[in-house]
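What follows is subunit A paired twice: with subunit B in the first complex and subunit C in the second.
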Partner chain A sequence: MRKVFGLPVVVVGALFAAAPYFIAQAPYESTMGLIQKIMYFHVPSWIAMYAAILVCGVSSAIYLFQNKPAADRYAVSAAELTVLFGSMGLVTGPLWGRKAWGVWWEWDVRLTSALLLELIFVAYLLVRKYGGPGSEKLAAAAALFGMAVAPFVYKSVDIWRTVHPKTSVVPTLPKVMAGPLALTALAFLLLFFVLLTLRARLAERQAVLDELYLAHED
Partner chain B sequence: MRTAWLVLRKDFAIEARSWEVLTTTLFFAAACVLVFAFAFVREGKAVEDAAAGILWIAIAFSGTLALGRTFERERYGETLRALLLAPAPRPALYVGKLLGMLALLGTAELFLVPMVAFLFQATLFSRPLLLVALLSGGTLGFSAVGTLFAAMLVRARSRDVLLPILLYPITIPVIIAGVRGTSALLAETPDEPTAIMWIGILAAFDVVFVTLALWTFEPLMTE
Partner chain C sequence: MRLLTALCSFVLLAPRVFAVQQAPPGQSEYVPIKDLPPTDQMPAAPLLIAAYAFVWIAVMFYLWTIWRRLNRVEAEMGALARKTAGR
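Moving on to the complex of A and B:
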């Protein structure tokens, strides 16, 4: 376990150490200048959030239909990471918007729906915390609905006219910008993977500990 | 299908004895509209576009209340457990409950829509068919998710708080579509293409939500 796990940790560390250099190398965008470089944080955090939602939704479905506790541990870990990466996106977004659009927040479809998606997973965590026994399944259903709403959030910029750039922007970036972005996106995804594994392991340890307590009381 | 019908008839029979849920829901909806009227009326005139928002917020709030009350009643009598023990297909129970919810909210809307139209001088009836499509699409999406979560929350602690916490974020896309579609109809010259686009989006959400709810109801209600 530890041997396999060590490699991603080293790679993530190396990627995050190298990222500032490559981001500094990338050229300034013609109209926005320096502020545009926040993209190298903003886009990867949303990519990591979508990955987390996918993991959370799929493992919730597995938990619901096959009743595997391990799947539930991955689901709750992924939900926490969804909230984490989502809040990174929601912080970097307004910082960028303040300079590019002149306002911190614009009530357009993309921003509103992204905030909603974040709220669904905050609700997931709240239900698990305060729902009492049996709330895991309830939360799992919420995660499935969250996963169903996620593609709508992603495609919303293409359906409506919004201030937010469209999904077609990222694939058509010039090579000098696409390179660093791919690097940071990979770093965020690997970071997600490392954190997910750690958090799920922690949940597993807690489950084992709980069982030991129960056995001790009997 | 027969099971769904029986569940619906049972709920109707209980409701017809006391009228508890319907009257409280209606009163609450009316109170909602009045509270918003105080917030949005300036110098005797409502803020433009406020009517659509007020109508849908009243529907969503009173819907939450009604969901809570109907399932609270099931919990008191432990009747939900009895229903689940019955040798009936689970999705049929869900459909029955959902139909009951739709009937209840539909009745509430019958009162709410004229009330909003009257109080805010909104031209809600200029395109009746489109309005009905918007209302039924929105109500279906809202109740599909609401019935599922309310049924599951029967067993949970602090269910009164958790229902809105879960329900609002998930159903807000539906409510947004309803509000935007309705306000398109309320414009000086009703904007039909926009309203039809929002009806399409509502229909898409309805399909997704109802499918998901039917699919997850069975494993969720099994202990």
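Moving on to the complex of A and C:
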């Protein structure tokens, strides 16, 4: 376990430690100034959330159609991480918006759909916790629904009129801003990988414990 | 004739061109910071620090919950193993 985690933990720690320096070196955006620097962890938290949704959805599909318990363990782990990274995006976004837009929250398409996407995966976890026997399959179906909704949330800014910037902004960033953003995105994706492996390990140990209880009762 | 056309064009178009290039009117009086729109008055640094701190706190809290749950599972496994051995 230590071998698996050693290098990624060191790399994630180094990236997160170095990130503030590179973010501070990046130039100010013309209209927003300092507050725009929230982008360097707001955007990566959504990237990590989309990665978590993808893992959760694909693992849920494997569990539903091939009935592999290991896939279910990865699905529940990724669902927790979806909620974690989604909450980062939903908290850092309003902090940015308060200064840039003058409001904490706006009920427009992007913000509302992102909140609903987060709630789908909160519902997944609630079904898993309180749904009783067989709730794994029901939750897996909810995860597939969440995975299908995610692309609409991402593209919503291009389809509907919204206060949120469009998806075309990030590819047009100059190198001095794109560099730190790529670094923090990499840090968040590695953090996602480390947390996913750790959480899946917990799910595996819980499965072993459940089997021991069953054997003990017999 | 060409010269006349050029002169007429200049006279007709010049006001528009110069109107676009005009600098904004100068500030006529002192404006205290409290009279600026609320978003301009608000300092950005506390919001930026709050966002960065939240990310760290969320990750640390999640790691702590995993560590706690893993310890609980391991403790239950140990207890179960002792109970089985005692039979």
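We adopt the following convention: the second predicted complex is superposed on the first by the 215 of 218 C-alpha atoms of A that agree within 3 Å, B and C clash if a C-alpha of one lies under 4 Å from a C-alpha of the other, contacts with A are read in each partner's own complex, and residues count from 1 in each chain.
In this text, a residue touches a chain if its C-beta (ideal position, glycine included) is under 8 Å from a C-beta of that chain, and two chains touch if they have at least 3 such contacts.
Predicted model, so just to flag it, every value in this text is computed and none were measured.
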item: When subunit B and subunit C are modelled together on subunit A, clash or fit; value: fit
item: More subunit A residues in contact - subunit B or subunit C; value: C
item: First, second, both or neither for A:His164, with subunit B first and subunit C second; value: neither
item: Partner chain(s) touched by A:Arg128 [first = subunit B, second = subunit C, both, neither]; value: neither
item: Partner chain(s) touched by A:Arg110 [first = subunit B, second = subunit C, both, neither]; value: neither
item: Touched partner set for A:Val208, first subunit B, second subunit C, both or neither; value: second
item: First (subunit B), second (subunit C), both or neither touched by A:Leu84; value: second
item: After the two structures are overlaid on chain A, angle v-u-w for subunit B, subunit A, subunit C in degrees (C-alpha centres, nearest 10); value: 100
item: Which superposed partner A:Arg73 touches (first subunit B, second subunit C, both, neither); value: neither
item: Partner chain in contact with A:Lys99 - subunit B first, subunit C second, else both or neither; value: second
item: Overlay on chain A, subunit C to subunit B nearest C-alpha distance, Å; value: 24
item: Subunit B partner contacts - residues on subunit A that touch it in the complex; value: 64-65, 67, 112-113, 116, 119-120, 122-123, 126-127, 130-135, 137-138, 141-142, 144-146, 148-149, 152
item: Parts of subunit B lying in touch with subunit A, wherever the complex brings them together; value: 145, 148-149, 152-153, 155-158, 161-162, 165-166, 169-170, 172-173, 176, 208-209, 212, 216, 219-220, 223
item: Contacting residues of subunit A [partner subunit C, same complex]; value: 20, 33-35, 37-38, 41-42, 45, 80, 84, 87-88, 91-92, 95-96, 98-102, 191, 195, 198-199, 201-202, 205-206, 208-209, 212-213, 216
item: Sites on subunit C touched by subunit A in the complex; value: 37-39, 42, 44-45, 47-48, 50-52, 54-55, 58-59, 62-63, 66, 69-70, 73-74, 76-77, 80-81, 83-84
